[in-house]
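Residue numbering begins at 1 within each chain, and the chains themselves are lettered A, B, C and D in the order written.
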Amino acid sequence: MINKKVKDAEDAVRDITDGSVLLLGGFGLCGIPEAGIQALVGKNVKGLTCISNNAGVDDFGVGLLLKERMIKKLIASYVGENKEFEDQYRAGELELELIPQGTLAERIRAGGAGIPAFFTPAGIGSELAEGKEIREFDGRLYLLERWIKADFALVKAWKGDTAGNLIYKGTARNFNPLMAAAGKITIAEVEQLVPAGELDPNQIHTPGIYVQRIFQGAGYEKRIENITVSP
Amino acid sequence: MLSKEQIACRIAREIKDGQYINLGIGIPTLVANYIPDHLQVVLQSENGLLGIGPYPRSSEINPDLVNAGKETISMVKGSSLFDSAEAFSMIRGGHIDMAILGALEVSENGDISNWKIASGLIKGVGGALDLVASDAKLLVAMLHCHKDGSPKLRKQCKFPVTGVRCVHKIFTDLGVFSILPEGGFKLLERAPGVELDEIRNKTEGRLVIKGEIPEMTGFQQQ
Amino acid sequence: MINKKVKDAEDAVRDITDGSVLLLGGFGLCGIPEAGIQALVGKNVKGLTCISNNAGVDDFGVGLLLKERMIKKLIASYVGENKEFEDQYRAGELELELIPQGTLAERIRAGGAGIPAFFTPAGIGSELAEGKEIREFDGRLYLLERWIKADFALVKAWKGDTAGNLIYKGTARNFNPLMAAAGKITIAEVEQLVPAGELDPNQIHTPGIYVQRIFQGAGYEKRIENITVSP
Amino acid sequence: MLSKEQIACRIAREIKDGQYINLGIGIPTLVANYIPDHLQVVLQSENGLLGIGPYPRSSEINPDLVNAGKETISMVKGSSLFDSAEAFSMIRGGHIDMAILGALEVSENGDISNWKIASGLIKGVGGALDLVASDAKLLVAMLHCHKDGSPKLRKQCKFPVTGVRCVHKIFTDLGVFSILPEGGFKLLERAPGVELDEIRNKTEGRLVIKGEIPEMTGFQQQ
């Protein structure tokens, strides 16, 4: 089996350069590629286009890349929790493209699956439909949406093997499997990296074919945005 | 007039046995607390979970398990986890029976505005655009007026529209309204102690009041 | 949790009637809804439209429905192994629509996912492109293809729970998860039916929301088309 | 002239370390037996498996584990299972590096016909149409002529075309051919004991023979 293991996060992000287009997994702060983001902050590349459901918070997740002013354009569905984003956006230093969450997910899925365009009902009647092709199927209106692909995808899984197979846990799965398939070079970080053959082939969420590099991260913080408890 | 909790409690009465339901952020999230025990319903979280349970005890918090509001949650028996494309396949594909959402405004023909807007800046849409475009029966939970007193039940939405002709019923602190096919908010129930004149004064769009409007039962006046 | 359990195969297929459109899971004879097909043969409904990757063999799988002349139209990617099909087709008694396997899979996936149409490269330049819309994206030609949905989907899984959650085994997964999502009424048969809560939520292949009825089948034959062994 | 096994063996020399490969039914399936041990490659089966292993021992036959030819197989370490939509996402999405397919005919501009046709009746396409439309490097394995002696390397395909301008190289019992950008079969190697005249006589489309054509090494003449 092909071995995708690389040394560490720094090695994995070695060829991400100024202007690269990145897919970044996670929903809010759940299931984000913590180690990959830290390694990127250390490299301090500029002019990135980042595609991520959220913008993180000011001092964690994608927010760290914003803080270092490494992002030129952000493609997301919801950036409500990030003040840094707001400041840069109002100052005209940051481009933003807002996409409905389901359309964002499907466009990324299409990128990985070789579907250049598809029709979806989300956005009909809203300002997001402006300039987009609208077509009726079976009496209902739909928008034409294009695939999303990227130079690199940074994803985070729970377990992985050296063949690049990934298993996610809980709702930390979210956008990660879609992005893994849509990156030209997909970098997976896992909490546990095991030799090929140790994971049950029936339970793989992301088949290794989509993953070009894999490493075991250390010291995951897994910060929680809103701690809510039952008495 | 109803509290937010009471709005949630009133909406819970709309839920039928066997439904798959998506609850939005805010008042809709509170609805989960009022679903009668005898009903078997499944709550979906569009980040990738079917079978949302109550908030966890503090000893059982799991950072890898959050809802669409990024709150820590638990799972019920028989739940399933999946990726975000699958989550929206369920929504777009007509598998979710009902969606309960918050809103900035609703127009008299059932248009909804529920972008996240802060100080004039649109900060996101999240999964709402997909939900309002789906086959799910759409219930809106919101206060009747903005903080400045301006009405949220509008002739036309002033905020950017998220979906058109999609709202089924609206539940506010003042009453329950359905959207008429020809346009207009039809008053179905009024909150305890709320007079028709107050509803008239605080509603901008076409308000239809026909016959005797019952007062909601089972609530103490706030 | 909502309970989807029904008594048996006969109960599950009770409202399939003349002219129904059916999705039938499986690849060749692997992972086919054996019990559901048997129950259908017992009902002897007519004029069915069957969507299935293959047509089974003469005396097993979808072939049984052909033999009983229950099928009016067959939508498949490959029907090479069925003589009964050939006879009926040459006699003009059966309609056939051949679809490339990947397009068939994606059209069914689109049906479940609420995507009314999408573009795919498969079929460009072939006779399957005739009458279809062709469009260029990024310098390459693609065909527009529509979703496939059905009145009923009959799928087979390894394990399932009363909430309708399904887990498949080996390559018996194939078309089953896609079809489960694209049936208006999806009937799942499993080798082991367990109470809700016994399956790991992380390992569910088909979430219960897609399944309307579930039952435990008995005496699975699991016939093998081509037994090939190493010495 | 090569046997089918030898054609498979010759094709195996085209395989590079680290490739993901889809093998069609027939001669292509045999290629798996000749992949050198030192190469790490992964074989895909489009019904839903990455990591095809050898045929199982008779004691290890599993009806739930078959390849795209519906043959019983085994899995190697590190393999993964998935549904058919995912399998074709890998193909259509450009993740499969190479596809080795059988064919009825190939035209001089690289069109391929490989429908399953029996007594004039088209009996299927299977996954071939998706493979020929993908970014995978497409190698064709077939006998040089039909059973009636008519050529399979054609000016234009007589059978219905599965994909256009997609074939990269052709491996027959007589030789190895590449498709020239301007059209034409460029002879690269000839099978042991095969004379150029035989290839000329049995090829219908434009055949390009430039310079000395080496005989394949490592095969005994059949």
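Rule of thumb we're sticking to: contacts are C-beta pairs under 8 Å (C-beta built on N, C-alpha and C of every residue); 3 or more make two chains touch, one makes a residue touch a chain.
These figures come from a predicted structure and were not determined experimentally.
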item: Between chain B and chain C, the fewest steps along chains that touch one another; value: 1
item: Approximate Å spacing (C-alpha centroids) for the pair chain A, chain D; value: 36
item: Whole-Å separation of chain centres (CA-atom averages), chain A against chain C; value: 33
item: Intercentroid distance (Cα basis), chain D paired with chain C, Å; value: 29
item: Junction residues of chain A - those touching two or more other chains; value: 106, 113-115, 120-121, 168-170, 202
item: For chain D, residues contacting two or more additional chains; value: 49, 81-82, 85, 88, 91-92, 134
item: Chain contact topology (line, ring, star, complete or other); value: other
item: Chain pairs in mutual contact under the definition given at the outset; value: A-B, A-C, A-D, B-C, C-D
item: In the complex, chain C residues that touch chain B; value: 1-3, 111-115, 161-163, 165, 181, 196-197, 201-202, 204, 207-210
item: For the chain B and chain C complex, residues of the former touching the latter; value: 18, 20, 40-42, 44, 49-51, 75-82, 85-86, 88-96, 134
item: Complex contacts: residues of chain C adjacent to chain A; value: 106, 110, 113-121, 135, 137-138, 140, 142, 146, 167-170, 202-203
item: For the chain A and chain B complex, residues of the former touching the latter; value: 27-31, 53, 76-80, 86, 89-90, 98-103, 105-106, 108-109, 120-128, 158, 168-178, 205, 222-230
item: In the complex, chain B residues that touch chain A; value: 45-49, 54-58, 61-67, 69-74, 81-85, 87-88, 91-92, 111, 116, 118, 121-130, 133-134, 160-165
